[in-house]
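Below is one structure. I have some questions about it.
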Amino acid sequence: MSVAGILGQLFALVLALLLAPLLTGWVNQCRAWLQNRSAPPLWQPYYTLHKLFNKDVVLADGASSLFRVAPFVVFGAMALACAIVPSLSTDLPFAPAADALALVGVFGLARLFISLAAMDVGTAFGSLGGRREMLVGFLAEPALLMVIFTVAMIANSTSVAAIVATLAHRDFVIYPSLAFAGVAFTMVSLAENARVPVDNPATHLELTMIHEAMILEYSGRHLALIEWAASLKLYAYSCLGLAFFFPWGIAERDNLLALAAAVPLLILKLAIGGFLLALIETVNAKMRIFRAPEFLGTAFMLAVLGLLVRLLLETRV
Amino acid sequence: MDMFVVMLALPLVSGALLTLAGERAWAPNLNILASAGTFLAAVLLTVEIVAFGPRFAFGEQFFIDSLNVFFVALTAFVGFTTSLFSGPYMKNERARGKLSVPRLRLYKSMYQFFMFTMLAALTTNNLGLLWVMMEAATLTTVLLVSLYRTPASLEAAWKYFILCGVGIAQALFGTILLYFAAERVLGETGNALLWTHLVGAKAFLDPTIMSLAFVFLLVGYGTKVGLAPLHNWLPDAHAEGPTPVSAVLSGLLLNVALYALLRCKVLADGALPAGFAGNLMMGFGLFTLLVAAFFLSRQKDIKRMFAYSSIEHMGIITFAFGMGGAIANFAGLLHMTLHSLTKSAIFFAVGHAAQKTGTQRMDDIRGLVKINPLIGWGLMLGTLAILGMPPFGVFASEFMILTHAMQHHPWATPLLLLGLGIAFAAIFGRVQPMVFGETEAKRLPHAPAITPVFVHLALVLMLGLWIPPDLARWFHEAARMLG
Amino acid sequence: MSDVPLSAQLINLCAAAILLLAFAMLAQRRVLQLIDLFALQGFALFLSTLIVAVKTGQTHLYFSAALTLALKVAVLPLILRRLVQRLHVKGEVEPLINIPTTMLVGIMLVVVAFNVALPIAQLSATITRGTLGIALATVMLAFLMMITRKKAITQVVGFLAMENGLFLAATSATYGMPMVVELGIALDVLIGVIILGVFFFQIRDQFDSLDIHHLERLKDH
Amino acid sequence: MPSLLSIDALLIAACAWLAVGLAGLAAPRQARFVAATLFPAGAFVGLAVGGVGLFALGGDPQTAVLAIGLPELPFHLRLDSLAAVFALLLGFASAGISLYAAGYFRHQDAGGVPGLLCLQYHLFLASMLMVLLADDAYAFMVAWETMALASFFLVTTDHKHGEIRRAGFLYLLIAHVGALAILLAFGVMTGGSGDYRFAALRAQELSPFWASMAFLLALLGFGAKAGLVPLHVWLPEAHPAAPSPVSALMSGVMLKTAIYGLLRVSFDLAGTPLWWWGVVALAFGLVTAFFGVLNATVQSDMKRLLAWSSIENIGLLAVGIGLALLFHAYRMETLAALALTAVLYHCLAHAGFKSLLFLATGSVLHATKERSLGRLGGLIRRMPWVAWLALVGVIAGAGLPPLSGFVSEWLLLQAFLFSPGLPHAWLNMVVPVAAAVVVLVAALAGFAMVKFHGIVFLGQMREPALQEAHDAGPWEKTGLVWLAFLTLLLGVLPGSLILRLDAATRQLLGAGLAERMSEQGWWMLAPISPERASYEPLVFLGIILLSVWLGRGLVKRLYHGRLRRSPAWDCGYHFQGPRAQDTAEGFSQPIRRIFEPVFRMERHFPSIRDREPYYAVKVEDHFWYWLYVPIARLAARISALVASLQGGRIAVYLMYSFLTLILLILVARP
């Protein structure tokens, strides 16, 4: 554990905290362009956060302490996730704290808290949102874990840093299993980040929404933290996807030059990723909530298939 | 004073006295007193035998050795506790108007005569006399079974009389054949039916005659034991007679019949190729167990159900003795002891329960722990004990029987387990709702005698966790005698 | 047969008579006649016991013979006849299975009994070894009679006939059991019959009939 | 040589428990004395047992022979590391439960005599301890059945209700059938030697066929106790029926004794396992876990929900055992140790959090007299202690970091990641895929747990009466806090405990994780190597707490901490009441829809013509109709057939005797 390592880790974390709203803003902008709307400014998410932090918290009458704690926990969990996922360098002193399996656990913890908080006030929307979030969660989580299994078997490790190091710095090999895993991962990411076709972050139509339904009662700094956490989640997922499937350019241990080069590369990759996300959201329609299980079931099956392909084709017994 | 003579004379004399006594105030106490005296004499006799070894009485006609002295003690003990139980029980029956005064007198005197026949059958050295006493036991109990003079009790008594009479006639034929075989070895000395002589000459008895004799004896005494398909009298007699009678029928009569069968088996084993008698007994035992188990689930009458449970246990014990060998015989003797104690305790509890609720129909009995916690728990624990739940002793003997069967007759184990499992489901499913649940309580004029129930259960519990070394030694010696 | 002593021939004759009477009882429909036949069988038994006693000179066999005469020929038939009259048992006894079939089964039983007894009889030292088979056959025929008859009283007669068969085996085949045992058996039989008598009255009080189909209520089926 | 051996200490503890129980009989009706004196005493003994268990871990096996039992087979006792692990579990879990019970039974007015309850409760504890110590088949069976019996009486404490009686009957019946199977398994393992000491069973060399028979019988017997599908039907009936501390004891501790037995037989007594044993255990485990968790999500009764969740956890344990057996069969001992550690750890974790959750339901039940999820809600406002402590259990139960449930799940998944290395052509492909089911189960467990906590404690109160609810008393709180503390401790400090568990795996497999793990720091969990996988829950927790703390502080500092209260937003429709919230049925509707074939459902849909339209759904267990009803019918049919023997006609009876006689005469020839 070197000083450089710790500094690099902190840098990555701060970068994540700062970049995450930007990524959200970028995706929104791209989407607006693609949909022939005039786009909000790229910095809009920051304005929104600032505005929300300034506002008073208006708490529903019945809200309990859990309701007030949840945003902080969710935010903390997402920050942790961003700290673990290697975005710039694989030399992360925090990485041993949680491997890929624990990463899924972190997301799960955040989900649990946000769902419980949603049910806390006791409105029809809240519990509906909480239920749907858990529905998405219990289908998406296994799919994500299966993706991680596939990748972990390739790298013989579940440590995210180790996986990335293996994948990025090994001779180029085509893994067909990764194709399956990649598709599955994309589908899971869409669902987990409340994106079309599973959810629509831009709507408040009660029959379709999930994420927005849960946070309907939140306001002020709580809402700000939750929105920020949502951005962080998108960022973390994006970085995870990039790390698994496009790991090139991530710096190795004690390589400051590479680290310096990694930052612009990461921004570039995120920009492309964000655009693709916007594209997917544009060309797809939001589906009925009851189709979501099929969608995620497909993702799960694809992930399992990826694992099978890995076991069948790529291992020599 | 010869304790043996005292032990036999007490029930005989008091039986006669009770016949003459009429409805004197001391009559019930005499019944208990006589039973207590008999028990005391039996204990002293046991001590004597344990200390000084086997002995004869009345010439060679009676013989007390380590095999039968314990049964004597057990019989006297259960006889004593049953008389304790029957005191308040019979008073309550009288108060409920189910019995008249002369019938009570009949009950008491017949009870004492019955005890006499049991003790005499156990101690006699003469196999012919054994038969006579078994028949006499039937006759005394027939009158006890029909004590209520209801149509059902008459029918039960009639069936009991005819079936057991016919059955025991077969046993007489077997005894005659045995005599026929023994005479050729021992000569016409009049000793040819004496067990002590027979056992010495058992290897020389003619196998052809002995096989036929054993078949007749098995069918004869087996009827009395309640082996299926000869068991049909048993549930009727148990269900329709007064409860103390059910208790002694299950707890004592079946044991004594089995004891008679065991004596015959020893002779048959000596004369016949190994396994002949044993296999027959194992077959009967298993069949009995299974048949009884399946019968159990269809019962509606509580005493009838426990009667079938007795059949089931007789099946297990017969199977154990059929297997033979030190461990199985040990287990069989232990099981006989435990079954006697447990089943009579259950019948005591059942008797009080039926009196409290005024019915023997299980569907109408509910919430016994509410009516009287001691009766309720007595029935519950007794039932669990008889079903072979540890830490009660029945489990110990069943464990030994099962493990021995696994070792030597693996094919029989699944059948044994099937029988035990079905019996468990049937009995426990019935008893639990009776003990638990809600009810409207009713007080009885005479407080029930609960002590015998718990004394029995405490003994059964003790035997499950710790068998006193002296008792174990006796069991071993007896088991060795059985071969 | 010439080397067989006369006494043995007589015993065999008595035994044959007992078997014949057993068959007759199996075929008999009327209660009173049945009791007569039973008494006759008892008499044959008495004769055979007497002959054995004379032949062997055992005193207790005389005693047995006397007991047989008293009980089986005199007392028991008397009691039974009284009962039949007092209880107004109808004369006709309707068997459960028709009589020709019963007879056929009976003959088969005799064959079985003789077959079973044959190896034993060959071992026997006594001259009356054939009687063992006959005794067994008598027991079985009595058993059959008990199965096929409907009235309580005929079942009792069957039961007593079975006792006769046993007695034949005890006295003739083995030249008598020990005294104590024979006394005991006799006592049991006597008490049994007395109890039965008591029973009959109770049954009739309860059911107004001695037909055993009233006694079929206790069942699990 | 210490003057007081651990095994003696445990024996004394068992006797102490018995004594405490019997003391209850001395004053059967004085609830106050029984609750405030005897139960805390029992808790103290529990702590001692746990401490001794911890101390004895890794020590040499100690044996003792008691002078009771059968003449040829007195009670043999043995305390080895495996038993010590479970003694540790029993002691520490029961300590918390007893403390809780000290408060709970004080005002338990409905049903049950306090003194009797105390006796049964402590007899239950003592017999569980004896199960762990038993070293011969007889002692084991006696303790095992006593345990079943004591728990049966506890289950039927409130026997006024017919359904509770039925639940108790079903429980004891299946337990008894299972016990018979266990006995048979022991019999098979003696190999005909007639020696029932475990030492003899261990030494016995069995042929593969008989060893497999023993294993299958043990799986049947212990599976019946543990609640493996399809022998699980008693569990969702019996656990909810019992008073809550007893439910906690049964789910948290008693089920683990079955796991103990299965481990004892399959790793210790039955000899070297065959590879397919692992597959069998794995398959049953997967089915159980999946079926259990699905049913947990659709329950409408909070205690039934937890009971089904216990079935799920037992399934996961069986999966772990299966995996360990597979590795063990192929002599991959380190990996077997990894899987086995996961099993042992999950036993401990589940004991902690499931007890905690059941006790929380006890408090809810006590405060509201209500078990149905449809009539609860919003209790966090009246019972904040219980709600927050339950949240600890919920997070652990959902298998989420940084609490105990996650650690074992993580270990299990790590073990799965090695399964492609199995030297068997198709196992190395199928087994990893089984991990997918495990993962799905874990995710569904989260769903069930959110449903449990959200509907019971959060939202608006669904009934006005809930306003009267009060928080748990001091004893209850102490018990809950203790168990929550254990859950947290197990969650954040797995490394040091796993180093101790090493003794148990080393005893069973000859291999452990210790030598690799001791190289790393105590805060780190890296069973194979840090490069391979690692987990530092303390750091993990630290980061989350730090960011919560920092976040709060910074936001307050940079902005403000103002807060206003106002009514919840009602979409402009102000007739909304608590009824507008999701019901328990509504919450699980997606599950019922997705996994429709798994449930046996009876639904009633409202139609236009209904005068009073309503919707109803009843979810039942398929296995009841697939397995148990046919067996019962078959038994009834045979009974009817057999009963025709007793037709009432004396002539027919005589004929039976006659035919038996003739048959025997003709057939039985020497």
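First chain written, first letter: the chains are A, B, C and D, and each begins at residue 1.
By our rule, a contact is a pair of C-beta atoms (placed from the backbone, for glycine too) under 8 Å apart; a residue touches a chain by one contact, two chains touch by 3 or more.
Because the structure is a prediction, the values reported are computed rather than measured.
Please find which chain has its CA centre nearest to the centre of all protein CA atoms in view.
Per-chain C-alpha centroids compared to the overall one single out D.
Taking each chain's centre as the mean of its CA atoms, how far is chain C from chain D in angstrom?
70
Averaging only over C-alpha atoms, locate the centres of chain A and chain D and give their separation in whole Å.
Once rounded, the distance between the two centres reads 35 Å.
Taking each chain's centre as the mean of its CA atoms, how far is chain A from chain C in angstrom?
101
How many Å are there between the centre of chain A and the centre of chain B, using C-alpha atoms for each centre?
78
Give the residues of chain B that touch two or more other chains, as numbers and ranges in rising order.
As it turns out, chain B has residues touching two or more other chains at 158-159, 162, 166, 170, 208, 212, 235, 295, 298.
Which chain C residues sit where two or more other chains touch them?
Chain C, residues with two or more chain partners: 116, 143, 146, 155, 212, 215-218, 220.
Return all touching chain pairs.
A-D, B-C, B-D, C-D
Over in the complex, which chain D residues touch chain C? Could you list them?
Answer in residue numbers: 640, 643-651, 654-655, 657-658, 661-662, 665-666.
Quick one: in the complex, what on chain B touches chain D?
Answer in residue numbers: 158-159, 162-163, 166-167, 170, 207-208, 210-212, 215-216, 218-219, 223, 228-230, 232-233, 235, 272-273, 276, 280, 291, 294-295, 297-298, 327, 369, 373, 384, 387, 389-391, 395-396, 399-400, 402-404, 406-407, 413, 417, 420-422, 424-425, 428-429, 432-433, 436-438, 464-467, 469, 472, 476.
Contact residues on chain A for chain D in the complex?
So the residues of chain A in touch with chain D come to 53-54, 56-66, 69, 72-73, 75-77, 79-80, 83, 94, 96-99, 101-102, 105-106, 108-109, 111-112, 115-116, 119-128, 130-132, 134-135, 137-139, 141-142, 145-146, 149, 152-153, 156-159, 162, 206, 216-217, 220-221, 225, 290, 293, 300, 303-304, 307-308, 311-312, 315, 317.
Which residues of chain D touch chain B in their complex?
Touching chain B from chain D are residues 67-72, 113, 137-138, 141-146, 148-149, 156, 159-160, 162, 165, 168-169, 172-173, 176-177, 180, 183-184, 187-188, 190, 192-194, 196, 635-636, 638-643, 645-646, 650, 653-654, 656-657, 660-661, 664-665, 668-670.
Taking the complex as given, what residues does chain C use to touch chain B?
116, 119-120, 123-125, 132, 135-136, 139, 143, 146, 152, 155, 159, 162-163, 165-166, 169-170, 173-175, 177-181, 184-185, 187-188, 191-192, 195-196, 199, 202-203, 206-207, 212, 214-218, 220
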